[in-house]
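Letters A, B, C and D mark the chains in the order given here, with residues in each chain numbered from 1 onward.
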Amino acid sequence: MKGWDERHAYSVCLTEADRAGMVRMAFRTVDPEDLDYYEKRLQDFGVKYEVVPEDYRRGRALRFMAPSGHTVELYHEMEYTGNLLPAVNPAPWPEGLKGIGVPRLDHTLVTAPEPHTAIQFFQEVLEFRTSEVLVSSDGTPLAAWLWQRPAPHDLAIVPGRAGGFHHAAFVVDSTDALFRAADILAMHKVRIDYGPGRHGITRGTTIYFFDPSGNRLETFGGYSAYQMDPDSRPVTWTQDQIAQAVFYYAQELNETFLSVYT
Amino acid sequence: MKGWDERHAYSVCLTEADRAGMVRMAFRTVDPEDLDYYEKRLQDFGVKYEVVPEDYRRGRALRFMAPSGHTVELYHEMEYTGNLLPAVNPAPWPEGLKGIGVPRLDHTLVTAPEPHTAIQFFQEVLEFRTSEVLVSSDGTPLAAWLWQRPAPHDLAIVPGRAGGFHHAAFVVDSTDALFRAADILAMHKVRIDYGPGRHGITRGTTIYFFDPSGNRLETFGGYSAYQMDPDSRPVTWTQDQIAQAVFYYAQELNETFLSVYT
Amino acid sequence: MKGWDERHAYSVCLTEADRAGMVRMAFRTVDPEDLDYYEKRLQDFGVKYEVVPEDYRRGRALRFMAPSGHTVELYHEMEYTGNLLPAVNPAPWPEGLKGIGVPRLDHTLVTAPEPHTAIQFFQEVLEFRTSEVLVSSDGTPLAAWLWQRPAPHDLAIVPGRAGGFHHAAFVVDSTDALFRAADILAMHKVRIDYGPGRHGITRGTTIYFFDPSGNRLETFGGYSAYQMDPDSRPVTWTQDQIAQAVFYYAQELNETFLSVYT
Amino acid sequence: MKGWDERHAYSVCLTEADRAGMVRMAFRTVDPEDLDYYEKRLQDFGVKYEVVPEDYRRGRALRFMAPSGHTVELYHEMEYTGNLLPAVNPAPWPEGLKGIGVPRLDHTLVTAPEPHTAIQFFQEVLEFRTSEVLVSSDGTPLAAWLWQRPAPHDLAIVPGRAGGFHHAAFVVDSTDALFRAADILAMHKVRIDYGPGRHGITRGTTIYFFDPSGNRLETFGGYSAYQMDPDSRPVTWTQDQIAQAVFYYAQELNETFLSVYT
């Protein structure tokens, strides 16, 4: 599955399972040679990995376990399908979309028992940069928002169980579209966990909701969005402001945010 | 006080008091002779009223107690000031507004111990029409949204203490403006009670929040808004759907909605 | 035909004809007795009229010629169908709309050889109120925006041929919806005459475009919209500012505005 | 000068001159060592360049003439100032902004007598990738939209005079913000060249307008925006669709687009 504006074969695979959660997550490298570069980097840091020769409509991948307890893959080759628009003289969007009609996957938020260690791994070994960080009173990172695209984040890590999946987010890029998405969710009696609202961290407008399996999904939007420059310094949030950092309007965490994930 | 686009002297008066709440509410008649018309109507229905010869920047008013326990006034004359724009060749809005910058007051929601009786009074004596009504399983109106302007409502009545003031709402007429309003409230650490969200009833987009005195205020918006025609039949909501009728997205009432008002 | 949120049987009838244009326009009275009231008023002002006993899904109408050369009807009874939503516990909008999906007709703009006389007729005989007026250097009204609903206008009259039809406008009530409408028009190669833009007069956001017959249609929106109060004084525009009064952004009239209508 | 959300010292310098136009444009490299990499690349391709040891709040730059006749600089070091928000627990935007309040510079469009050659230079020597391209009937690129950030474009090249400056664009990222920008421009009688509208190419929503010196500026927005992936293939526009490619709604070029630039 994928959003209508994604150009490769898919961004999400759903598989049958006994319980909800995320089996693994995968990142695509910019260039083919980057895959070799990161293979060497895994070796240099002593990270055990497995080479997966191919997967559904996808080429070789490096598979390894991150210190957060998540199976991570790096790959470069994936079947190029184009988006739903013609490649020549396209309209700005395809008519006839159903439902919320998201254009693309945006990011994933996962949990780790020792976020500090996991964050360091993604920063040092995989060279993610940090857009925002939540720190304890002694300055230790409790959670971090990490990026490769110059977007607020591709991956975020917060405290929780090893291998935990907090949510995956899809782009909904205007406030009208956000309300329309909330309307559609509510028309279909989908359980909304939070929102419409805004995160202090990333400035992202948001709706958290649960799919029928119990996985949390998010619409993530761009009202007053920013772009990261590799030289941009991370924004810091202090633990005493965690409530507004997470839910800027409610100014308090809801009971599900830190306890319910898969 | 008033919104920037209101053309008469004021729509809200704040007075010093020992406790929060609404002292009285007043409705302006369309034409001067309507005031005489309603005076006769009050007499015909045996409603005791007092004539207030004048008030701050305002002419004669009829003052009476509604069965909901609220002091209500009818008046016609009020000093005409115009809005904040010039009367000749105006721009679409005035530059330099501060804060949320609402254009006008929209409606008020009040509580009544016997909503049915209060609703009937406003319908029969004051000729309000009903846009939407919440009914119990035996069809009794539990709450009603009433109008004179062809807007979703000018006044709503829900169950609660006699004379209770649930909220007054000000127009914020786009989803971007709604998020901007929520941002400003949150920047200033205002306690947000609910929202951004949407009501099932009236379709209105909303933020409920509290002013420093404890009165609840609302931003009320027009995404997918409707206009009432005098011949439009009321929309009905059944009691088993009350949660979504009130908070369309949350699909559940928050604990404050029915318990906290002034 | 009608918009999805209109509650009576129809607001627009298309009939086969040799040329484009508007055959007649009709206004619905608020109450049944208003029809008698206006019949007497037509008599008092010596306006010749015809009684049309019934029309398609509609009751008795008074038909007469306005000084602008337009056939006008007043009626009250029309079949009540409700909008596209259920009458009980409705969603805020119906899923599955196609195209621009306008909720309702908003207003019509027509031409008159002597606008001053036509404007006076609608004001005095039919009791329309004026929201905005464009005046010549000697103060004569050249064009007026007239209302019965407390909206910016139900009918506008500008200089031109007797019986001329400039455009009919349908509500598109957010800026996202306006861009979406423009996208859809452009995807289908519809000839856009002007817009997206804004009128200085009425503050309305707008797209003018032509239907296949050559009639001009408009999307009319509410960003920073206002409501008229019967006591609101008209906004005045001076003839030297006509360009910005009409096309607030372009600040100049396009060649078609005053010359192309049906 | 810079937008409120830019984190380095400036993105635009205005200097006194006898005529309007762009003196030079500069690109910042992601990493310090990239500057050495591109220096070697300039040498390999035989491009003459000058080393500018430092400039206002900026470090070493490589300065050279592109085949389009534009002076181009590459640099890495620039004073880091942060944006207008605090680095710890920031609000989503700063209160008190005046005017349109753009967050950042987005892109520049320039002219070249032989666009094909200039496009090739930026692609081969400076490794820009192509998001969209306009081709003649024989397939020759007439204009191209080129990027380094995964945005629709950082630089576009269209046919015209050597060294010509068509416009610089600043982000305005919602349709409400776009209308607000157009309102502010019109309130201040700024000459609007085109818009609000949309480009077929890049899907960008747009207003073209002229600053007092005669340079064209643009608001560039994100309604239905896309992100480029390095592996995304360019969108192609054919010359017979140039009008809609440029002005998606008007479906025709205005007389100024290809003739007026500085």
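Just so it is clear, a residue touches a chain if its C-beta (ideal position, glycine included) is under 8 Å from a C-beta of that chain, and two chains touch if they have at least 3 such contacts.
What you are looking at is a predicted structure, and each value in this text was computed from that prediction instead of being measured.
*Asks:* I want to compare two interfaces, C-D and A-D. Which one has more contacting C-beta pairs?
*Replies:* A-D
*Asks:* Among the chains, which is located farthest from chain D on the basis of C-alpha centroids?
*Replies:* Farthest by centroid: B.
*Asks:* Express in whole angstrom the distance between the two chain centres, defined as the mean CA positions of chain A and chain C.
*Replies:* Centre-to-centre distance between chain A and chain C: 48 Å.
*Asks:* Per the centroid of Cα atoms for each chain, what is the distance between chain C and chain D, given in Å?
*Replies:* 42
*Asks:* On a C-alpha centroid basis, what's the spacing between chain A and chain D, in Å?
*Replies:* The computed centroid separation for chain A versus chain D comes out at 29 Å.
*Asks:* On chain B, where are the residues touching two or more other chains?
*Replies:* Residues 92-93, 174-176, 183, 186, 198, 223, 244, 248 of chain B touch two or more partner chains.
*Asks:* Inside the complex, what are the residues of chain B that reach chain D?
*Replies:* Against chain D, the touching part of chain B is residues 91-93, 95, 174, 176-177, 183-184, 186-187.
*Asks:* Could you pull out which chain C residues touch chain B in their complex?
*Replies:* My answer: residues 5, 7-8, 28, 30-31, 80, 82, 87-90, 92-93, 103-104, 149-151, 173-176, 198, 200, 203, 222-227, 229-233, 235-238, 241, 244-245, 248.
*Asks:* Can you list the chain D residues touching chain C in their complex?
*Replies:* So the residues of chain D touching chain C come out as 174-176, 178-179, 182-183, 185-186, 189, 191-192, 195-198, 205, 207, 223, 244, 248-251.
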